[in-house]
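Below, each structure is written out as structure tokens.
Consider the two complexes below, in which chain A is the common component and chain B and chain C are the respective partners.
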Partner chain A sequence: MSKVLESTDLQNVLEVKDLQIEFKVDEQYYKAVHGVNFHIAPGETLGLVGESGCGKSVTSMSIMRLLKDPTKVSGQIIYQGRDLLKLTENQMRQVRGNEIGMIFQEPMTSLNPVHKIGRQIGETLLLHRGMSASRARKESIEMLKRVGIPRAEQIVDEYPHQLSGGMRQRVMIAIAMACNPSLLIADEPTTALDVTIQAQILELMKQLAKENGTSILLITHDLGVVAETCDRVAVMYAGRIVEEGSVRKIFKNPQHPYTRGLLNSIPKLTGERKRLEPIEGNVPSLRNMPDGCRFAPRCPFAMDKCVAHNPELFEVEDGHRSRCFLQEGGQ
Partner chain B sequence: MAQGTPLLEVQGLKKYFPIKRGVFRHTVGHVRAVDGVDFTLRAGETLGVVGESGCGKSTMGRSVLRLIEPSAGNVIFEGKDVTKLSKSQMRAMRREMQLVFQDPYASLNPRNTIAQTLMEPMQIHNIGTRSSQMERVRSLLDRVGLDPEYANRYPHEFSGGQRQRIGIARALTLNPKLIILDEPVAALDVSVQSQVLNLLDDLQEDFNLTYIFVAHDLSVVRHISDRIMVMYLGNMAESADSDELFIDPLHPYTQALLSAVPIPDPDAKRERIILQGDLPSPANPPSGCPFHTRCPMAMDVCKREKPVWKEVKPNHQVACHLY
Partner chain C sequence: MGAYIIRRIGQAIIVLIGISIIAFLLLYAVPADPARIIAGPHATPDVVNQIRINLGLNLPIWEQYLKYMGNLLHGNLGTSYIFHTSVMSQISSRMGPTAELALGCWIMELIIGIPLGIYTARHANKVRDVVISALALIGISLPVYWLGLLLLFAFGFKIQIFPLGGTGGIYYLILPSITYGITGAAYYMRLLKSTMLDVMNQDYVRTARAKGASERRVIYRHVLRNALIPVITFAGIDIGTLLAGVVLIEETFNWNGMGMLAYQAIGNQDIPVIMGTVLLLAVFVVLFNLIVDIVYGFVDPRIRYD
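And now, the complex of A and B:
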């Protein structure tokens, strides 16, 4: 922890600036991510929230440079002072898995079914740490123990199909954390898991991040998970960040009508049961993005200018911004 | 809510799937997907069934409709035992009982227009003329919040939420009394999920529908259900009125399940019970209480004896040796 603080005390681990991602569909480019900016401080957990198709997952994949041609990615992704978009493929390989770890939603599809668990954890260690095979194996067992896998000495020689979903996700975390990365990208890490297992995995991620001072970019659609794990939140809608701020601000004083709508539309676990207040309509499709504010067609407060112009991110208070004309000029 | 005789009574429902091995496909064991479920449901009520994956909640729902043939037990619908009906009697009975599936993408035939999909049940049951069927389709679409003009479109032209509305319209076609909803909103985005939940509320009110709502999301189940049954490894763990279950959960599994749900409120403070380990395999369930391997309060008796299902408070039953 102290080492991380010394070297990057004032610097953000990650700064994403004006990120644009365009997909080619039928010979035409469509913008899935439209000028996204965010940063993550050392040891901080940032939640990137939104519904399907809002661009949150492709944003995370662009950080790892996992999007290939013909997808166009532009802007800056500054990790520890270096723009990842300018690195060569070889340099990028040094970053992936070594400095930035990533875990995905479906642990079964992201683990290789024909390799033993030990080999899959050891691979990163052999590659990035230049360890000998026997040391990598020892280290793999150690990692399995750290992520709370029982019988680590045996599991290291087993295959992914022999493990349950929760155990596989623990293995994924072990792989992602093996090289002690300073940034962990977790894309819907618990969506495929049952709630009791989800609680275990989130607890584990929090604990590992705290021990190692790892920053986390958590991508999720689950506002409950965000409230419990994140320090700051960025809410995405249709390729843009519409609101960002600390967890407290977002949940206690949400400003953007979309954020408010999301919070109102989820059924509560406590209190009186009343009729839900859904957001009307559907998420717009990539091919048919509304002009102006992209939320305007579904927004109960939409004004004439919302349809014509796209609002900026207005500062509501320190560190809390909302992309809505209602907040124009502050509060 | 209707008084008197219940609409549906399920007694001792079991479903064991055989495990076959070897060249001769000998049965070497059974997966006890549902291992004894009882409940009654009055007209207009909603029973929520919750539990983690593999707890048997979906199999239970399907066994009630005999889409999966139950291994044992009775399903009494309006006084008739559904499990004893012949195939053709069962087909007639299915008019009264319908199912809505989780995946709105997989449950609609991509080659059929919405009108064809919605008319099929009426054609099978010989109801009405073509024009009256079409009229019904248009009014159904309107009722579930879709433009009747969409009748001639294909499923791929709709979003997930719209497809789920079509799935619901299909279930309503024959004016059923009971609808089993198997994770109907699990595949939908949060903002769309609430639209569909409100639609289900309205339809229940308008048509006096009875729902069995199978889901893993506890806040959704709490919202829609009058009563909730918690299942674990094919067994009933606890059953109570919706509000009661969340205020005073008795079974250690229910308590852990409720404490594990993330709450969208950074100030919510609570004791989280983190269960150790994974769900045991239903092919080889633990002795005694199926939950004892993960239960933080397990006693010796839990390993030996299966707890009986008993009413601990009025309308609140639990299967646990603590009570």
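And now, the complex of A and C:
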């Protein structure tokens, strides 16, 4: 890495710059993620929000470099001052599970059915801490206790199918946090769980992250989860970030028509009861991306300009930006 | 577990009785007349009739069956029509060489098939995979007797490393085992490859990668064990049928096993011997299915019997 890194790179745990991800479909490459930029400060929780297919999960997978070939990833993913895209596979393995932990959406299928819980947690410690099997087992029991699993001494010798979904997600968190990573990527960690369990899992993640000073990148489609958990939020649409800012600002003063649409489509408990307003239309497919603003075909405020040109991210207020011509000139 | 095994043995007995009935009926449905075969073409009808009465072939079929099964309970499989020795002694004298050959062939299939399955799964769709898969297809398509003769010619006759057939220890076992291994391994390879490719797309494999596990570790620790169930099923049925004899291999390598016994018995219409070998095959298949089911429980903890 000969390039002199900017000072912000060092302050942030993660800095994603101009990330482009292309998938090969029928011998042709299509861009699923188009120039995404974001950063996460130490101890901060960033929510990456969007509908299915907007590129949020792909973005998280690209940080771990877990996307399968044939996929082209370019740009920079700077973690603690190192560009992850430039590391060798061996170097990258030292990062995975050690410096960056990851939790997935499907707790029911994310644990290996043929290995005991203890071994699955211990594997991370074995790989990165060089622990003996018996030390790793002890440490696994400790981790199970930390993630709030009762009877940890017994559960450590049980198999995933003996646990409920919520318990399995706790185990996944134990695996991801075993090596005290600086960054935790949680890809829809609560989507597959019951609502009552969801809150517990989010609370657990927040608590552990706070104890360890871990930053979190939370991928979700659920704005309720974002409101509860995140410090900042980046809203993604069709492979681009369309709005970003602090959770408070975005919820109070959403600027991009897509963000407003998302907020209008969640039911409110207080105030006058209104019909939910869905966003009309569908996310454009990879093969037919609009040239200008990608939201233009679904946008109630679309102008001629929106169809022809792609807007940049305009600053709305301090630390709040929106990719919409309506905000051009700081309106 | 114990209760499960007892229940399964109970089921196995019912299956075996069913098989014995079907085999019995089929043999008696064949138009050939065993009494006539034993007596020879020039015997008088009286002689043939006398033989029929002696063998109990004049009785109604259900009575013949019950008599057969009654004898079976006493470990008596009857007497060969042709050799006039007990079927049990014939089978037991062939069992040793057959078990040797079956095990040799089976192990060779596994030794060739499993590593190739892992290798082609790891390198799926690359040139290496395509080449090996093509070779495997050729392996499947080769007739064993042809490959066997070729190997005998090359390594028994031209370069004299191995004996030109016969029974007698590991030295005699190598060529027939390799022959069978080459033609049979492809099934294991393809089965393991396709299951592994399937497992590689599972979420828990992604989890293993996200932990920082090396590709090697991912394959051997996380993928392989999950991909073994269908292979174990196949291997169990395979060894079960192999133990009942490998006719073509035995014929090619002049190996005096169960396969040859059954083959000759069919040619001779020697019904007691045919029945004995069929029942033995059924016992092996049923037995190894049971063993396979028990092994499942060790490989996959989700399968537990109570």
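Everything that follows uses one rule, which is that the second predicted complex is superposed on the first by the 321 of 331 C-alpha atoms of A that agree within 3 Å, B and C clash if a C-alpha of one lies under 4 Å from a C-alpha of the other, contacts with A are read in each partner's own complex, and residues count from 1 in each chain.
Definition applied: a residue touches a chain if its C-beta (ideal position, glycine included) is under 8 Å from a C-beta of that chain, and two chains touch if they have at least 3 such contacts.
Just so you know, these numbers come straight off a predicted model, no measurement behind them.
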Superposition on chain A - do chain B and chain C clash or fit: fit
Touching partner for A:Q94 - first (chain B), second (chain C), both, neither: second
First (chain B), second (chain C), both or neither touched by A:T259: neither
Which of chain B and chain C A:Y159 touches, first, second, both or neither: second
Centroid geometry (CA): angle chain B/chain A/chain C, rounded to a multiple of 10 degrees: 70
First, second, both or neither for A:L127, with chain B first and chain C second: second
First, second, both or neither for A:L223, with chain B first and chain C second: first
Partner chain in contact with A:M102 - chain B first, chain C second, else both or neither: second
Dominant toucher of chain A (residue count), chain B or chain C: B
Partner chain(s) touched by A:L111 [first = chain B, second = chain C, both, neither]: second
Chain B versus chain C as contact partner of A:M172, first or second or both or neither: second
Shortest CA-CA distance between chain B and chain C [superposed frame, angstrom]: 7
Interface residues of chain A shared between complexes with chain B and chain C: none
Complex interface listing, chain A residues touching chain B: 51-52, 164, 166-167, 194-200, 202-203, 221-228, 247-248, 251-252, 261-263, 265-270, 273, 275-280, 282-283
Complex contact set, residues of chain A against chain C: 64, 66, 93-98, 101-102, 104, 106, 109-115, 123-124, 127-128, 159, 161, 172, 175-176
List of chain C residues in touch with chain A within their complex: 202-204, 206-214, 217, 221-222, 225-226, 299-302
Chain B to chain A touching residues, read off their complex: 52-53, 159, 161-162, 189-195, 197-198, 201, 216, 218-220, 222-223, 242-243, 246, 256-268, 272, 274-275, 278-279
